[in-house]
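Each of the next two complexes has chain A plus one more chain, namely chain B in the first and chain C in the second.
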Partner chain A sequence: MLLAFLVVIAFAVIHLRDLVAIIMLAGLYSLVTAIIFVVMDAVDVAFTEAAVGAGISTVLMLATLSLTGRLRREPRRPRALIPIIVVILTGVTLIYGTFDMPHYGDPDAPVQQHVAPRYINDSPNEVGVPNMVTSVLASYRGFDTLGEVAVIFTAGIAVMVLLMNRRRRSPDEDKEQS
Partner chain B sequence: MNDLLGLYSYWIVIVLMMAGFYVVISSSNLIKKIAGLNIFQTSVFILYISMGKVDGGTAPIVVEGSSNAIYSNPLPHVLILTAIVVGVATTALALALVVRIKEAYGTVDEEAISESDNEL
Partner chain C sequence: MRYHLVLRTVAKILIPLIMLFAFYVQFHGDYGPGGGFQAGVIFSASLILYGLIFGLAALKQVIRPWVVRVMLASGVLIYGGVGVASLLLGGNFLDYGVLAHDPVHGQHLGILLIELGVGITVAAAMITIYFFFAGRKTTKQ
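Let's look at the complex of A and B:
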């Protein structure tokens, strides 16, 4: 299954040292994630992930790499034991937690009970847009989207402030907006 | 057996999340750390989207002429749409910080940075 492919990519990222290869794999990872989102019926999210996650993120990281230089010098030190132990402990705890989770695709799961039926049944009549994701995003949860715009604006300002007073200006870092 | 298959997607999400977490805490290169953070973040997206899926459902876009179509839950999709865009904004901010750190310290390696901090 595609999910297993993601695991392969993630482990490749762990083992690789070459930053360009890591960034390319991160882009591939986003693209495979977008395919998985289509399989899971989330077409809008898949569009966004493919455009933003696989596109803009990769471009931004490559731009950073061109400014900071491709590091080859990183020494291969012995793997520290503590991170592995921490990661395995956390993972085992989380897996223990999943035993109480509803199964994948379960129509009676708590997620499907609360406001979702209302959105599904009423939004086509109330908002008049066939795509429920759009009507929830722009109408029912419009304030969330407004807050999102505020966050992106703040991040954009911060990036500009950080990069504005550099000695050598580079044009390709401060054009992130989506 | 059916139990295990129903939880498979959560386990993959956890493995991915831990892989990203491991990169974040074990790698000393700041750009690689950001890539690990992206993997971590995307695994959370997959968790949410997989919770919204309903068996036999279709994408939450109204199917003309059929009143009893089953739709997947649109709410997680909306939340994750917002999260993806905010995630890119924070990634851009982190990368801008990395560029500044490179200028100030001449390296993006965490251990070299703390060494030059100790020399001061």
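Let's look at the complex of A and C:
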């Protein structure tokens, strides 16, 4: 049901020309995805998706839109036959691949047998944090999270450097031209 | 946006609540869903809301750009510093067990500190991005 919502939203995004509506629909898409995560008991991921996907990124997209323009140009229609065939073939292959996957929540699935039992059995004694997601994220996978923070730091620095340079260079270029 | 009385009044009520919720998510991440990433985003959302309604200049009065830059770096430094501290205390890098006498307490302390680092960096990165996106509009006009 929720997945059907996603499909409907995706088609609406393809057909609309008003970019504000498209951004709003993209935020809605994130929100529906967050609901799906909640249904699958991944509350932490849902929280992130709702805050980042539906919240901040929508605002940043709207800020970008205020710099560009509201309507998108009507694209020239190239021959879409080959791309459609490729997309359909890939989709069919992926769906065919899911037939071999274990059912959702299957206790015998490989993902449930690898490191998950160790975390579930030992983290209350080793880390003692009630939210096991936090103990995995911050303690067992501390290196990964350090890397993620470094990525966010780099993203912030990159935006700063890119947009700052533009502003500082423009007077120099004006001088050179005049 | 100077005349939007309803928006301004509602925002003035909402912004402190959003900030409070961000701190709740930050420090309650050990017990419920949430943590540094989400808290950072929510905290930055409250400031961005302020910027959207009262304007970028007012937001830069509230939180100076150099403060945001210091926050951006200090979050990563807190995280890395916890790792180095655990190295100096005789453990592995980011092994929080050595931070306190009891390993479980050490884990609690370590997780609290690194989540704080994550939250500070995420919030500062979001505010930085907003500053520069919103600032470009004024340079173009």
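Everything that follows uses one rule, which is that the second predicted complex is superposed on the first by the 157 of 178 C-alpha atoms of A that agree within 3 Å, B and C clash if a C-alpha of one lies under 4 Å from a C-alpha of the other, contacts with A are read in each partner's own complex, and residues count from 1 in each chain.
One rule holds for everything that comes next: a contact is a pair of C-beta atoms (placed from the backbone, for glycine too) under 8 Å apart; a residue touches a chain by one contact, two chains touch by 3 or more.
It should be emphasised that the depicted structure is a prediction, and the values quoted were computed from it without experimental measurement.
*Asks:* Which partner does A:V8 reach: the first (chain B), the second (chain C), both, or neither?
*Replies:* neither
*Asks:* Considering only touches as defined above, state whether A:A26 meets chain B (first), chain C (second), both or neither.
*Replies:* In the superposed model, A:A26 contacts chain B only, not chain C.
*Asks:* Just checking: does A:V52 make contact with chain B only, chain C only, both, or neither of them? Give me first, second, both or neither.
*Replies:* A:V52 sits against chain B and chain C alike.
*Asks:* Give one of first, second, both or neither to describe whether A:V133 is in contact with chain B, with chain C, with both, or with none.
*Replies:* Both partners, chain B and chain C.
*Asks:* On the A-aligned overlay, A:I36 touches which partner chain: chain B = first, chain C = second, or both, or neither?
*Replies:* first
*Asks:* Just to be sure I read the superposition right, which of the two partners does A:A155 touch: chain B = first, chain C = second, or both, or neither?
*Replies:* A:A155 sits against chain B and chain C alike.
*Asks:* With the two complexes superposed on chain A, say which partner A:S66 touches: chain B (first), chain C (second), both, or neither.
*Replies:* second
*Asks:* For A:V87, decide between first (touching chain B), second (touching chain C), both and neither.
*Replies:* first
*Asks:* On chain A, which partner touches more residues: chain B or chain C?
*Replies:* Result: the larger residue contact count on chain A belongs to B.
*Asks:* In the superposed view, which residues of chain A touch chain B and also chain C?
*Replies:* Residues 43-44, 48, 52, 56, 60, 63-64, 67, 130-131, 133, 137, 145, 148, 152, 155-156, 159, 163, 166-167 of chain A touch both chain B and chain C.
*Asks:* Mind listing the chain A positions that touch chain B in their complex?
*Replies:* 3-4, 6-7, 10-11, 13-14, 19, 22-23, 26, 29-30, 33, 36-37, 40-45, 48-49, 52-53, 56-57, 60-61, 63-65, 67-69, 71, 73-74, 79-80, 83-84, 86-88, 90-91, 94-95, 98-99, 101-107, 109, 111-112, 115-116, 119-120, 124, 130-133, 136-137, 141, 144-145, 148, 151-152, 155-156, 158-159, 162-163, 166-167, 173-174, 176, 178
*Asks:* So in the complex, the part of chain A that touches chain C is made up of which residues?
*Replies:* Residue list for chain A touching chain C: 43-44, 46-48, 51-52, 55-56, 59-60, 63-64, 66-67, 125-131, 133-135, 137-139, 142-143, 145-146, 148-150, 152-153, 155-157, 159-160, 163-164, 166-167.
*Asks:* Across the complex, what residues on chain B touch chain A?
*Replies:* 3, 6-12, 14-23, 25-26, 28-29, 31-32, 34-36, 38-39, 42, 45-46, 49-55, 57-62, 64, 70-78, 80-82, 84-93, 95-100, 102-103, 108-109
*Asks:* Sort out for me which residues of chain C touch chain A in the complex.
*Replies:* Residues of chain C touching chain A: 25, 29-35, 37-38, 41-42, 44-45, 48, 52, 69, 72-73, 75-76, 79-80, 83, 93-94, 96, 103-104, 107-108, 110-111, 114-115, 117-118, 121-122, 124-126, 128-130, 132-137, 139-140.
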